[in-house]
Each structure stands twice: as C-alpha cells, then as structure tokens.
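Paired with chain B in one complex and with chain C in the other, chain A is shared by the two complexes that follow.
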Partner chain A sequence: MMGTSPLARIGLVVALVIALLWTVLPLYWVLKFAFETSGEIALFPPPLFPPHPQPGAFYSIFGFPYKLASGNTLLPSGQSHQILLGLRNSLIVAVIVTAITLIVVVPLAYVFARLEFRHRNKLLTAVLLAVSSPPVSTLIPFYALYVQLDLVNTLTGLIIVTLTITIPFVTWMLIGFFRNLPPVERLARIDGFSRVYTFARIMVPLGRGGIAVAAGIAFLFSWNEYVYAQVLVTGSEAVTLPAAVSGFLFQDPEPSQLAASMWLSVLPPFLLCFFLQKHIGEMNLVDPVR
Partner chain B sequence: MARIRLDGVRKVYGSQVAVHQMDLDIADGELLVLLGPSGCGKTTTMNMIAGLTEPSAGRITFDGADVTSQPPHHRNIAMVFQSSLLYPHLTARQNIAMSLKRSGLSQSAVAERITEAATVLDIARLLDKMPSELSGGERQRVATAKAIVRHPAAFLLDEPLAALDAALRLVLRSELVNLQKRLNTTMIFVTHDQTEAMTMGDRIAVMRGGTVQQIGCPDDIYNRPETLFVAGFVGSPPMNFFEGETRASDGHVGFAAGPMRGRVPAPYAGNKRLAAGQPVTLAVRPQHLRVQQAASAEAMPATVFALEHLGKESVVIFDAPGQPAKLRAIVEPGFNARVGERLHVVPDMTQALLFDPQTERAIPVR
Partner chain C sequence: MTEISNLQFALMVALPVLVFLILVVIYPLVYALWMSTQNIQFFGGYQTDFVGLDNYRDVLSDKDFWHSTWISVRFTAESVVLTLVVATALAVLLNRNMRGRGLIRSILILPWAMSPYGTGIVFFYLVRGQTGIGTAVAAAFGSSDTFNLLNREFVIEILAIGNAWNMAPLVAFFLLANMTTIPTRLYDLAAIDQMSALEQFRHVTLPPLRFTLFVFTCITTVMSLKMFDYVFTFTRGGPGDASAVLTYQLYKISFQDLNLGYGAAMSFFLLLLILGSTGLLYLVWGRRETA
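Up next, the complex of A and B:
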C-alpha cells in the first residue's frame, strides 16, 4: 500500500468493504435462495447460510425432477421449456449481434479515429446520438414497425433492435482506443502496404485487446437486454433468457427457481468480464468528438 | 543512391501555407539537415520527399526521374520516424522484415539481409524482442536496421533522437553519421536541435515559416548567417543582438546603441550604402563579448541577470537598458558576479555582423 497515514488506509479498507458488499451481497443472497426451499426462504429472520443446501432448483429449471433428503420430490418447473429456449435464443442472439457489431464497428471506429475527412464530426455526432437516447424511446416505434413487418416474436427482429444499441455504443468505445494506438500507418505506407492491408493485417492485430473488449461489451449488452425482449418476444418461441426468467414473477412463483435461473443468466457475463479484465484497463474512454 | 531535387514545391492546407515555394538540390551521398523550430515546415517537406504528403504544386525528382505523384514505396526510400516508431505488436525481426515484405525477395534473401543489417547495427541479440522490451537507444538501432535493410536510395529521418536522453543522443548521432558515410547513401535528417544539425550535417537548410532561410555548410551557417533568424537560432549560447544605428564619426562609419559607441566592423567599411542614421542590428557571438568592471565609451552597461557555470567556461546573462534581448558573454570558469550587479560589456567589432532590422537580412560587406 502507498505510504499514507493509517487513517487513510482505514478509510480505503472501509470503502472497499462497502463497495464489495454493495456488489457481492445481492449476488450471494440470490445464490443462497437457489439452494433453499420455499419454506426456508420464508423464514424470519433469514439464515445467513442455507440450512439444508440442495441443488434442486437447478434440476427443476432444466426440466428434471429432484429427490430431496426428506423424501419429497421437487417437480420440474413449468417454466423449464421457456428457460431452455431462452438459454438457446440468448446465445444465438448474443453471438450474432456480437459478430455483426464487430464487422460494422471495427472499420467504422477506425475510420472515425484515424482518418480525416469532410463532415467527420457531424457524422460522428449522428452515430453517437443513439448512445444518448434511452432505448425505451424507440420501443414503441419499433413495435409498430415490427407488427407491420411481421417481426414481432422473431429472433431476427430482436437482433436488429439490439444492434441499434450495440453499434453506436461500441463505436464510441473503440474510437478512443484506436486513437491511442501509435501512428504506424505511416510506417506501413513506407513499407508499401495498401490502406486495406494496413487496416486488416496491422491495425486489427495491433488493436486486438480493444476489439476483444468491444466484443465482450456487445455480447453483454445483447445477453442482458431485457426491455425490448420483454415487449417483442416474451412467451414466444423466440424468448430470451432475461424474458424467460421474468416469467417466474408472473406465474407459479417459485423463488428458488427464479434465483437459480438468475444465476444461470449472471454466469456468462461474469466469466466474460473475468477473462477480459486485463484488456478493459487498456481501454481509453474519451470524448470521441474532437 | 539518389540526387534529390525539389523544384518550386509548395504545400497548402486549406488557407494555411505549410511550405512556400521550396527549391532544394540534395547531392548523391549528402547528409542534409532540415533545421527549424516546430511548425516551420520541415516535417512537411520531408513527408513530401517521402511521398507521404502530396505537394500542392511543384516537382520532386530522384536522379532526374519525376516522383512527385509516386507512392512512398516506389521511391525506394527508407524512413525513421519520431521516437523511432516501430510496429508495437511485432518483434524486432518481424519489424525489419516488414520493410522487405513488398520487395519480392526470396525468404532466404530476406533472412540474409536482416542478418546483415543486424550485424551492421549490432542488434543480433535483440531480434526476438518486442519493441516494448527495448530501451530508447535499442529501438533507434532497430528502426535504423529496418531502414538500411531495404538498401534504399535515400534515408529520411524525422527527429529520431528527440525522445532520448542527452548522453545517448550524443552516441547515436555519431553512429548515424558514421553509418551514412560508410554506406554513402543520401540522407535527409529533420531536427529542431541546432547542435544535432551542426554536428551531423554536410549541409544545413535552416527553415522558418515554410521557407528556407539559408542553406549551406555548418561553417557558413554559423559564421555567415544571412538572416537574423539564422544568426539567433544557430549557436549555443545564442548570438547577441545590439539594436542601434549608424553614426557619422570623423571619416568612419560609426555604430551607436544606447550609450555604446563604436566603429562599424572593419569589413563593412567598404559598403557605400551604409549611410549615417540607418537603423542596424549588430550581432556578436557570446565568445566575442568582453566583460569589464569599468565604464568606457565602447562599452554597454548591463545588469547581471544570471550566471551559468559550464565547467570549462561560464556564461553571464545580462539585461541591458534599451535592448529587448538578453545579452550573453562567455567568461573564464572562475568568473564571479552577483545577480543584479552592474557591469559593462564590449563587443569585439572585428567579429561582429550587421543586419538590417527591417528586412532581417544581413547587410552585405560591400
């Protein structure tokens, strides 16, 4: 630790503990619920640890029965079909959204970050305007449009809508990152490489850390997206995991199964952030309009 | 090897002129330094020679062949950028190899060239390191190897030593000159450091505001500056300027600045156009300024502003009444003076130069 006064150190520890409690406690509490029965969840005061931890809820949400130690059997959840569909659909949507976002955004951000052209700042402002508008503001127009185009309850519709969020946001992130790369384009021109070769074979490998983070962010956005999914695909064959999980709130409330499915949806983003952590620090989030 | 010529080359960005009408003739095998403060157009000029920037007007030829609109690669030049820029994600060896990727050489020929360049620059043990693992001097050597591996017709170096510490700069600049002389390849070197320019250049082109102020060998630039700017920019400590005017004094042309009186330097006596009452600027190198305690007619009173001890000599910096610029005199190393002390300085008129303050140009001797 830095050479600071004991008081400052205590302050730092207290701040860290508060921050950790703030983020970790809700996650723990949900995890605790997942290993309890409804009766145990209803206990007051609540126990800090599950009195008889068992993974029954995880069996239920995947559609399997589970035999408790007491001899009772936990039945498969009525929502299991939706959960499994949601898991599959969320994965499909997130992967496709991530791929398309990268294909569009990497060249776009590069051009905005490193090239000079007419109306550059005006065009950039137009791209970034979308970052500042809340997603809900476009929800109703999209819904009306989708009814006409027959895109309600389809994965295609959800992918298109999610891209309208990920593309501007990830562009904004990557511009700052690309701008901070050293000016190796001049080196590449002396070495005789075309602009396209320079971009594809030099700048992309050079910026792979930032691009990985951009991919992660696009995946997270898509994976966590709830508002559009709730309106556009809930209850259909195109349901995504967040929308399917919310189903527990409305029919046959089973808190331990809700908790288990929430953990199921938290896990991929959690792992993703863990592995991308090193590169996230390298990102340079600055005002891209300059 | 190439003789490089610029004919009426000009570069305009919007309404801003970066380089005015530029004519340069760089001999084959010559080391030309483009010297000037930042924003003087020296880097733009080099980028135009490299082909990175297209001139707005004019012609650039390499050995008589017009290359004005040719891309950099077709000019067979090699360039070292500021801070010895390398591809950060490639090893030193891969960085050097990138220079030959478009050359059509066979793999074995490329490997041979890399070994040769690495031997010349003594970097064989660095070849598998990443740029981030190299020190500033090592990066510079790798960047130079990347340049020579191409066997270029000309080397273009854009302030490659600017980011290094002074001691290392000293070593590397003699290495670069040595290398350039051994390979006998035309080299253009951009810098804002006048010491670097003086020590390295066969010739120096001093630039300011997009024009060449003077081009010549270091001796010419130092001893016969053609403009006030060149006089003030080259030399360390910088030249002293006394702003005054000519006076008629019993048969000679006299010079007066404040209370100081003197004759114009002997070589100028033949200049018939030096009329009495003409404003002139007298320029004297610090080693030609004598410091004395006593007042005298030919001395300028001056207040000590600071004293710099350099070991083998000391520099006294003065404020003089009525003179906008500080005056500097080189004195014996043991010299002692208090800041604020009133002393007197006497320029050595045999070594002084005269400039016209209006045109900022040197006044011809005759």
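Up next, the complex of A and C:
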C-alpha cells in the first residue's frame, strides 16, 4: 500500500505498542492479583510484577488449602461452593441459551433478510426496540412476574430472561449476514425445491460461517450476563459465575481470589475470540438499518 | 409438497418468536406503566394505591433525577466519541499489512470479550489509589504519594475511558471489514495526487465508512445509556453521587429504597431518553447519509 520508509515503519511500531498497551495493561493489572497474596497486593508502591508468583488463590476458590513458601497456609475460600456452582450453572445456561437462540433466530433472520412480505419493517422495528430496552427497567416487571410463577432463583427463569437479550441482538446481526449471501433461492425454486427445503438444506449450510459466529455471540452474551443474575439468582443454588465472582467484590473483598475467579470467567470468552475475530467482519449490523 | 406463500412461511417461523418478543417487550412495558401510576408500599403489608400521574410529576421536580440525567448524557457523549475515535484508530492500524496480524487481531479484540461487570472490576483496581496504576507510575518517578484517579472531578471521564476500552474492539472490527472493501486502486490514485496520510484518510478511507460510523454511533449511544453493571461494579455511583448515572439511580430507587412505582415512572424517562437520542441522531445525521 503506502511507502515503507523507515519513518513510517517506526510510526507503525509505535502505534502498535500503544494499541497493545491500551488493550492488555488493564487486563494484566488485575489478573496478576491472582498470583499475589493480599499482603503483596497491599504493598506500596504496587509492584509491576508479582514478587513471588504462586497459584494459591486458584486453590482457595476451588476449596483447597495452599501452603505458601513462607510456611503460611492460604485457607480455602468460604465462597468456593458458590464459585463451583456458578461455573456449572453458567455453562448450563450459556449452552441452553445458545441452542435455543440459534433454533429461533436462524429461521427468523432468514425470513427478515430474504423474503418480502407485508409488515416486515414494523416487525423489524420491534426487534430493534427490544435491543434498546434497558435491563434495569425490565428487571422489576420480570421480578414481579417471577415471584408469582416461582421462577426466582431458578435456572429456567434465568434462561428465559437471557433469551430476551440474545434473540433480538443475534437476529439483527444475522439479518445483515443472510442478506449478503448469493441469491440461490430462485435457482432452487426452478429445480423444484420447496421453501422449507431450500432454507434447511441450502441456505443453512451456505450460511454456516455466520451461524457459527451467531452461536459464539449468543454464548458470550449469556456467559457475561450480570444484571439479571445479580437480582434473580445471587446467593442461591442457581447462582451463575458473574454473580458468584461479585461476591468477592462486595461481601468480602479478597482481590487475589477475585482475580483468580475472574480468570475463570474470562478464559472461555477469550478462547472464543480467537475464532470470532476471524469471522466477525462477515456479520453486518449496518445493513438491517438501511 | 404443497406450496406456501412468503407470508405463510414468514408467519410459520416468525410467529412463535414474535409471541415471545411481545411477551418480553410488551409485558414489562405494560406492567411498568401500571406500576408507575401506583404508590407501592412494602412496609406494613404490601399495598398499592392509584396515584395517577403523581410519580411522573415527582420525577420532573426531583433534583437527583436531573443530576443523573446530566451524568448519563455526559458519560454517553464521552463514551461514544472516545469509542469511535479509538475504534477508527484500531481499524486503521489493523488494516495495515504486517507480520503477526492474526495474533495482533486476536489480542486487540479481547476487551470486547470482557463482560461490562468484569470491565468495571478491572478498571476499579486499575485507577484506585492504593492498587492503582497512577500510584505505580508516580512511584516510578520517585513520588511517595498515592494517586487516586477516582475522584469527583474526573470520575465520568474515567468511566467513559473504561467503557470505550470495552466497546471499541467490536466497532473496530466492523469498520475494518468495511475498509477492506475499499478498492486499493483508490489509494494508488491518492498516491499519484500526492495526498498526505491525513488527506488520504479524510478523502479515501473515511467516506465509505460514514454510514457504518452513524449506525455505531447509535449503537454505542444506546449501549452507554442503558449501561448498568459496569457502573455498578466500578464506582457504585460514587464518589458521593458524582457518577450516579440514570440506570444506577433507578436501581437505587427500585431495589434499595423499594420505591417501585416511582422507579417505574423514572424508567420511562430513561426509555424516552434512549429513543429520543437515537431519533435525534437520525434527524441531524443519519437522514443525510444515503449509505
């Protein structure tokens, strides 16, 4: 593209270093707490690297004691039960939410993207409206409803409410994706395939890249959901990882265990990102608004 | 197999979802509408009294409400500008040919995978006096003071920076996807015209991105206005009420003071603010972009 004079190259490297620092520094600053003791975290000035890195906090949050090199023992955390439950529940909720979201959203997005029918734009507006309604204001009605239906502190309740976040957003994302697929329907119709067959056997396989990204996004949103979980399941058997992690923040501040449990909560999304970063550009949030 | 029409096929797949969406969009709205006209009491037995529009009138004369609205608007405006600037910079950078591009992309997208509540926790420890980076940097220059970046004057700006950190990668990747469709021929022509890097950015790179930028301005505006968990884990509205955004104020009124009717009335002002600001963005900007 542009000339690669030495000056331009230095500029590129500097820009790259700034971008990487901007991205990694905040993450590093807190995630390193997991390898420090509370004493080391409280040191002045705050150390740039853990002085004596050790995995004790991870033992604690899983409910095991850990013997430090100094001879002291780190006790198992009182919240290890919640963390383990949260890990399990978050996985269950995220997998089920992802599955239901895909089943519902793929046909829906396809219909919005490829077929002309009356009231289409009105329906699309309803989807976009659902994306913009703030969780804090829908929380109270949901809570009131859930009290009556006995869904507070249940995974079912949390799954339903999480779907209200994933479905509108993923639909929106997939509409743009389906619109840009090659127009093969007419050919399929000439060959005598029915609409349902065309959709299930031609469009879905054709769009599997986008559908995989949609799955990733649904998983990510569900895994990271905190507002509803904080009110609906905190402290119960149905606690999810975000709600369990925040226990280290408020009830009993324990930065090293907080950081260790944050490692648990960020690793799956980070791994997912290695996949998503390649394909997310194929999605299109801009198209449906046109 | 019998043939079905477009509308029938559409209804077949869309109807169940629409019923669900109506339930989850309309039901809370109607319920909140009902609540907003009631005075709801928990103490001394659950009791509701119809009070008409009193709650709405009270919101409008509530100093805390106007304070929070102002904080929300400031936080949102700063977040949106920062997010778009950072995202554009990241996209321009990622659009360059360089070694290890895949790895760099994988790293630069990471903040987006972080949940808002996690971002709040991360930035809380990053900027707070004792464990904060301000103190570490100052110490490296020989100072022995603690630097608390979380103070009344700058808390909104700090919040906006963290928010931009969280949102920018997504925007950057969509801008990048858009940039790769710009024909390289245009850059060759720009080189012939001896454009400077800045001119080239303004006249070649930017124009095709304008509609995308508009859409993401709307998206980040909505996301910032409805942001709650990030502020909740980061500043809890503090210090004092210096960062009590509207969503935080709503949470406090509804879940701490249990003033549900009043909270419901206020939530409609938030919804109005969200829809109003996207509408305004469309009127002053989006309408002129033909995409």
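Simple rule for what comes next: the second predicted complex is superposed on the first by the 270 of 290 C-alpha atoms of A that agree within 3 Å, B and C clash if a C-alpha of one lies under 4 Å from a C-alpha of the other, contacts with A are read in each partner's own complex, and residues count from 1 in each chain.
Here is the rule we go by: a contact is a pair of C-beta atoms (placed from the backbone, for glycine too) under 8 Å apart; a residue touches a chain by one contact, two chains touch by 3 or more.
Quantities reported herein were computed from a predicted structural model and do not represent experimental measurements.
**Student:** On chain A, do chain B and chain C fit together or clash when superposed?
**Tutor:** Fit - chain B and chain C, as placed by superposing on chain A, sit side by side.
**Student:** With the C-alpha centre of chain A at the apex, what angle separates the C-alpha centres of chain B and chain C, reported to the nearest 10°?
**Tutor:** Result: 80 degrees, to the nearest ten.
**Student:** Does chain C touch more residues of chain A than chain B does, or is it the other way round?
**Tutor:** Ranking chain B and chain C by residues of chain A touched puts C first.
**Student:** After superposition on the shared chain, which partner residues are touched by A:Leu21: those of chain B (first), chain C (second), both, or neither?
**Tutor:** neither
**Student:** Does chain B (first) or chain C (second) touch A:Val184, or do both, or does neither?
**Tutor:** A:Val184 sits against chain B, while chain C stays out of touch.
**Student:** For A:Val131, is the partner it touches chain B (first), chain C (second), both, or none of the two (neither)?
**Tutor:** In the superposition, A:Val131 contacts chain C only.
**Student:** Taking the superposition as given, does A:Leu149 touch the first partner, chain B, the second, chain C, both, or neither?
**Tutor:** Neither: A:Leu149 stays clear of chain B and chain C.
**Student:** In the superposed arrangement, does A:Pro205 touch chain B (first), chain C (second), both or neither?
**Tutor:** A:Pro205 sits against chain B, while chain C stays out of touch.
**Student:** In Å, how small is the closest CA gap from chain B to chain C once the two complexes are overlaid?
**Tutor:** 9
**Student:** Where on chain A does chain C make contact in their complex?
**Tutor:** 1-2, 12, 15-16, 19-20, 22-27, 29-30, 33, 41-42, 44-46, 48, 104-105, 107-108, 110-112, 115-118, 120, 123, 126-127, 129-142, 144-145, 163-164, 167-168, 194-197, 220, 223-227, 230-231, 242, 245-246, 249, 255, 258, 262, 265-266, 269-270, 272-274, 276-278, 280-286, 289-290
**Student:** Applying the document's contact rule, which stretches of chain C touch chain A when the two form their complex?
**Tutor:** 1, 3-4, 6-7, 9-10, 13-14, 16-18, 20-22, 24-25, 27-29, 31-32, 35, 86, 89-90, 93, 96-98, 102, 104-118, 121-123, 125-126, 130-133, 135-136, 138-140, 144, 146, 162, 165, 169-170, 173-174, 176-177, 180, 184, 187, 191, 197, 211-212, 215-216, 218-219, 222, 225-226, 228-229, 232-233, 247, 250-251, 254-255, 260, 263-264, 267-268, 270-271, 274-275, 278, 291
**Student:** Which residues, counting only chain B, touch chain A once they are in their complex?
**Tutor:** 50-52, 71-73, 77-79, 81, 85-89, 98-99, 101-102
**Student:** Give every residue of chain A touching chain B within the complex, in rising order.
**Tutor:** 182-184, 186-193, 202, 205-206
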